[in-house]
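Multiple structures are listed underneath, in C-alpha cells.
Consider the two complexes below, in which chain A is the common component and chain B and chain C are the respective partners.
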Partner chain A sequence: MLTEQSAYTNRWRQISPVAKGLVSLFGMVAAFAAGSPRAALLVAIILSLATVLGAGIPPARYLRVATPALFFLLASCLSLLVSLEFNHISTFGVSLHLSESELPRITQVCCRSLACLTALLFLALTTPLTDIISLMRRCKLPETLLDLMTLSYRTLFVLSEAVHETATAQSARLGYATFKLSMRSLGGLVANLAVQVWQRSQALHLSASARGNDGALRFLEPDYPGSHRAILSAVICGILLVVTAVYIP
Partner chain B sequence: MSNAILSLKDVSYSYPDGTSALNDCSLTIRRGMRTAVMGANGAGKTTMFLHLNGILRSSAGDIQWEGTSLDYSRDGMRELRSRVGLVFQNPDSQLFSASVREDVSFGPMNLGLPKNVVRKRVEEALLSVGMAESADKPVHNLSYGQKKRVCIAGVLAMEPEVLVLDEPMAGLDAAMQEELTVVLERLHAAGMTIIIATHDLDFAYGWADEAIVLQRGRLLAQGNAADVLLRPEVQTELGSSPLVAEITRSLALTGMAVRVNGYLPRSRSELLKAISEFHRQENEQ
Partner chain C sequence: MHIMEGFLPVKHAIGWSVAAAPFVIYGLYTINKRIKEKPEQRMLLGVAAAFTFVLSALKMPSVTGSCSHPTGTGLGAILFGPAAMAPIGAVVLLFQAILLAHGGLTTLGANVISMAVVGPFAAAAIFRAAKAVKVPFAFSIFLAASCADLLTYITTSAQLAFAFPDPAGGFAASFTKFASVFALTQIPLAISEGLLTVVVINALVRFNSPELQEMKVIAVQEVQA
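For the complex of A and B:
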C-alpha cells in the first residue's frame, strides 16, 4: 500500500512512464556494467537519491519499502559466503566452509543486486501499476499476461475490501474472541471468499459482455504531455549513469 | 405503440437452476422516454435488463429493436450492445481497470474505434458525469458514488441510444442522488432513452414518463407513470403509493385542490410550489 500511495502522489507522477521505465532499465544495465563494487554502490546511491530527492519520496517511507527486499538480499549474501563442501574423507560426508577467496566476487554480486533493487524501486515508487502495465503493453508483452495483471491488480483491492468487511462482521459477533473461535471464523472467511470470488468473476464476465467484449481486454493507453522531452532526458541520464558505472575504478 | 425502440413479446426465461424469472412477459420501451421499472425483489427486473442487452437469450418469445427481432450473431450483438448500454448495480463488479480513464475506455475500445475517437469519448463521458477531475485517481480510492459514476461514464463512452440502469440510486446519499438525477436529466434532454429499475416509488413518480411494473416475471401494468403508479393493483403489489400523490389527495379532501400549471404535483418541490400557489390564489380572492 505504501508503494501504491507513493506511485500516485510523487512529484514525477505526470512524467511519461516510458521515460521512467528507461531510467530504471539503464539503471539495471549500469548495475551489471559496473566494474567494481564501488561503482555499483555509486549507481545505487544515485538512483535512491533520485527517488528520494527528485520524486520527493520521504526517506523513511523509502527505507520501509526497501527493508523487506534488503533483508532478502542480506540473507542470500550471507548464504553465498558459506558453502557446503562434500568431503569424502570425513565420517559425516558434509562440512560447512567459509569461502574467503570468494569474498570479492560476493561483494560484487551484492552491490550489483543492491543497484538493481534501487533501479526497480525507482520505477515502482514513481509509476502506478496501471501505467507500468500499459508500458508493458507498448513493449508488446503477451496480452494474456497483461490481462491477468490488470484483473488481479484490480481484484486485489476488491478482495481485500471483502476480507476486511467479512472479518469485521465476524468480530462484531465475537468471531475472534478465543483461539478456537478464530480458527472457526477464519475457515468461514475462506469459504465465504471462495464463493464471492466465483460470483464476482461471473459478474465481471457479464459486465464485460455488456460492454461489447469478446476476448482480450483492450484499454486506451494514457497520454502524457511533453513525453518526447522527458524520454530524451531519461536516455541522456541513463547513458551518463552507465558511463559512470563503467569508468569508476 | 408507435415509437417503440425495444419491445418484449411473450418472453419467458428460466435460469439453469430452474428458477423461472420471466413468464410470458410483454412490454414496450418508447424512444426518448424516461421509463421506471418497478417490482418486488425477484420480480424479474434484472433478468429483463439482461435480455435488452442480449446477454441472456429468452427460451420463448421475441425481443425486438424497432420492430426487428434481435440478431444474436457476433456482429448483431456488437451492434446491439453499442446501442443499449447497461449499468449494473454493484460498481465493484464491473470496473476492470484500477485506472478510471482506462476503465472508461474499455467499451469504446471494444467497439474497435480509432484511438483519437476513443480518447475524445472518454473525456466527454467523464465530463458528463462530473468525474473529469478524478480521472487520474485509482479506482480503489474513489467513493461508492464516484465508482457508480465511473460505471455510467464507461457506458456513456459507447454513446448508446438506450441507457439501462439497475438501481442506480441504491447506496447513494441524498446529495449524490440529486447529482445523479441532474446527470440523467441532461442525458434525457439530449434525447437518450433511459430505463431505470428502482424501489423508490417517490423517485419514480417524480422522474418517469412511463412506468412498467413487473410481478413474478409478468407485466402487471405499463403506461404513463402518473397513472400506473396510482392504480390500486400496483399499490397492492408495491405496498404503498407515492407520498406526494397521497398528500395531494388528502389536501383535496380538505378542499385544497393543489395544482402546478394545471397538473397534479409529482415531486416534493412541485407539491410545495402548488401549495404556496394555492394560498396565493386564496389570498387574492
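For the complex of A and C:
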C-alpha cells in the first residue's frame, strides 16, 4: 500500500504523532469552518503543500493516492448537480435538469470535501497506523477495539499475501478466464481465506498463551524527542489555519 | 458505498457518529462476553477484521462486465454474527480511510451505520427468516448477502438525500436521484456478491464443516444434507 510506504519513510516520521494528529484535526475543523469555497481551497492547498514539501512525499505518489478519492468526489458532486423533478410535463413524469441555484452550495461542499481529504492524507501519509492506534489508546478508546485494530493491522499483510499467491496460482491455471470460472475461483479463494481466519487465530492464540498473554495486547511505544515543542507548534499552525479559513472572504 | 470524507454537513457527521456509537459499544460488549466464555476466540475477531478488509479489496467479476468490490458484510454477518460486525466494520472502515483514502474520518459514523449496522443485521435477519420458512439453504444465503448489499446502498442514498434534499422535490426526489444513480453499479454488485457468497459457503460446507459448526454458522443436519 502506497500510504504505508510513505508513512514509514517520510521526513516527518520522527515527529510526535500527537502533533501530526492535531494538525489533521485542525485541518478538518478549518475545512468545516471555511466561509467560502475559496477559503476551503486555500486550506486544501496549504495542507497538500505541507504534505508534499514538508514531509517530502513525492508529488507523483501523492497524486496516485489521491486520484481514486478525487474521482469519487467528482462523481458525488456531479450527482448533486443534477436535480430531479416529479409531475413535470415530460415523457416519464420525471424530468432531469441542472440545478443552477444550488451551484454555490455544491461548490462549497466539494471544496470542503477536498480540504478534508487533504487533511486525511496529511495524517495517512505521515503517520503509520501503529502510531495512530497508540494515539487512540491515549484518547482512552476501549481496549477491545484497540486490540481488534492491532491484530487486524498485523494480520492484514499476511492475508493479502495469501490472496495474492492464491490468485496468481489460480490465474496461471486459467481460473479467471470466464465469468463462471472466475466466480468459482474467487469463491474458492474466499472460502480458503475464511478457513485461514479460523486457523491463524487459533495459532495466534496458542502462541500468545504460551508467552503468558491473557489480556490486552500492549506494545512499547517509541519515544519522540522534542514532542512538546512539536505539539505546541502544531497547535499554533492549526489555529492559524482555522483563523485563515474563517477570515478569508 | 462509502460517503466521501467531508461530504456531510457538520450536524449530520456528528449525528451519524452518535447514532453509530451504541452499536459499536454493544458489539464490543458481546465480543467481550464471547471472549470470557471462550478465551480461544480472543484472536478470532481481530483476524476476522483483517479478512473483511482484504475481502473488500478483492476485484469481483460483475454481471455487467465492470469490476467491483465485494462488501463482505453479508458473509461476515453469517460467519461471525451481526453484533460483532459493528466494531469489525468500524475498524475496517477506519483502515480503508487511512490506508486507502477511501471513505473518511468525518463520515465514519454514517458509513458504519450503513455498512456495519444495517447491512449485517439485515443479512442475519433475512438469513434467519429464510431458514424459518424453509427456503433452500443456498438461496437463503444468496438472499441474505444480496439484500444486505442492496439495503446498505439504500441506506447510503437515504443518508445523502437527508443531507442534500432536492431544492424542488425535497427528500423524496433527492433519494430517488441518488438511489437510481447508484443502482447502476450496486444492483449488479449485489447479485454478484450474492452468488459469490453462495459459492464461498458451499465450499466451506464441503471442505470445512467442523470449523463452520464451531462458528455456529449452520446446524449439524444442514452440513450432512
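By our rule, the second predicted complex is superposed on the first by the 214 of 249 C-alpha atoms of A that agree within 3 Å, B and C clash if a C-alpha of one lies under 4 Å from a C-alpha of the other, contacts with A are read in each partner's own complex, and residues count from 1 in each chain.
Assume contacts are C-beta pairs under 8 Å (C-beta built on N, C-alpha and C of every residue); 3 or more make two chains touch, one makes a residue touch a chain.
Because the structure is a prediction, the values reported are computed rather than measured.
Superposition of the two complexes onto chain A shows chain B and chain C fitting side by side, with no clash. One of chain B and chain C touches more residues of chain A, and that partner is C.
In the superposition on chain A, A:Arg200 makes contact with both chain B and chain C. Using the contact criterion defined above for the overlaid structures, shared-chain residue A:Ala210 touches chain B, although it does not reach chain C. Once the two complexes are overlaid on the shared chain, A:Thr150 sits against chain B and chain C alike. Of the two partner chains placed around the shared chain by superposition, chain B and chain C are both touched by A:Leu129.
By the document's definition of touching, of the two partners only chain B reaches A:Leu220; chain C does not. In the superposed model, A:Tyr8 lies in contact with chain B only, and not with chain C.
Least inter-chain distance for chain B and chain C in the combined superposition, rounded to the nearest angstrom, is 9, based on C-alpha atoms. 4, 129, 150-151, 153-154, 158, 200, 204, 208, 214 are the residues of chain A that lie in the contact sets of both chain B and chain C, per the superposition on chain A. Listed in rising order, the residues of chain A touching chain C in the complex are 1, 3-4, 28, 31-32, 65-66, 68-69, 72-73, 76, 79-80, 82-86, 94, 99, 101-102, 109, 112-117, 120-121, 123-124, 129, 132, 142, 144-145, 147-156, 158-160, 163, 176, 179, 182-184, 186-198, 200-202, 204-205, 208, 214. In the complex of the two chains, the chain C residues touching chain A come out as 2, 4-7, 10, 24-25, 28, 31-32, 35, 39-51, 53-55, 57-58, 60-61, 63, 75, 79, 87-88, 90-92, 94-95, 97-102, 104-106, 164, 166-169, 172-174, 176-178, 181, 192, 195-196, 198-204, 207-208, 211, 214-215.
Chain contact summary for the complex, chain B toward chain A: residues 50, 53, 55, 74, 77-78, 81-82, 85-86, 88, 90, 92-99, 101-103, 105-111, 115, 118-119, 122, 136-141, 154-155, 158. Looking at the complex, you find that chain A touches chain B at residues 4, 8, 13, 128-131, 134, 150-151, 153-154, 157-158, 161, 200, 203-204, 206-214, 217-223.
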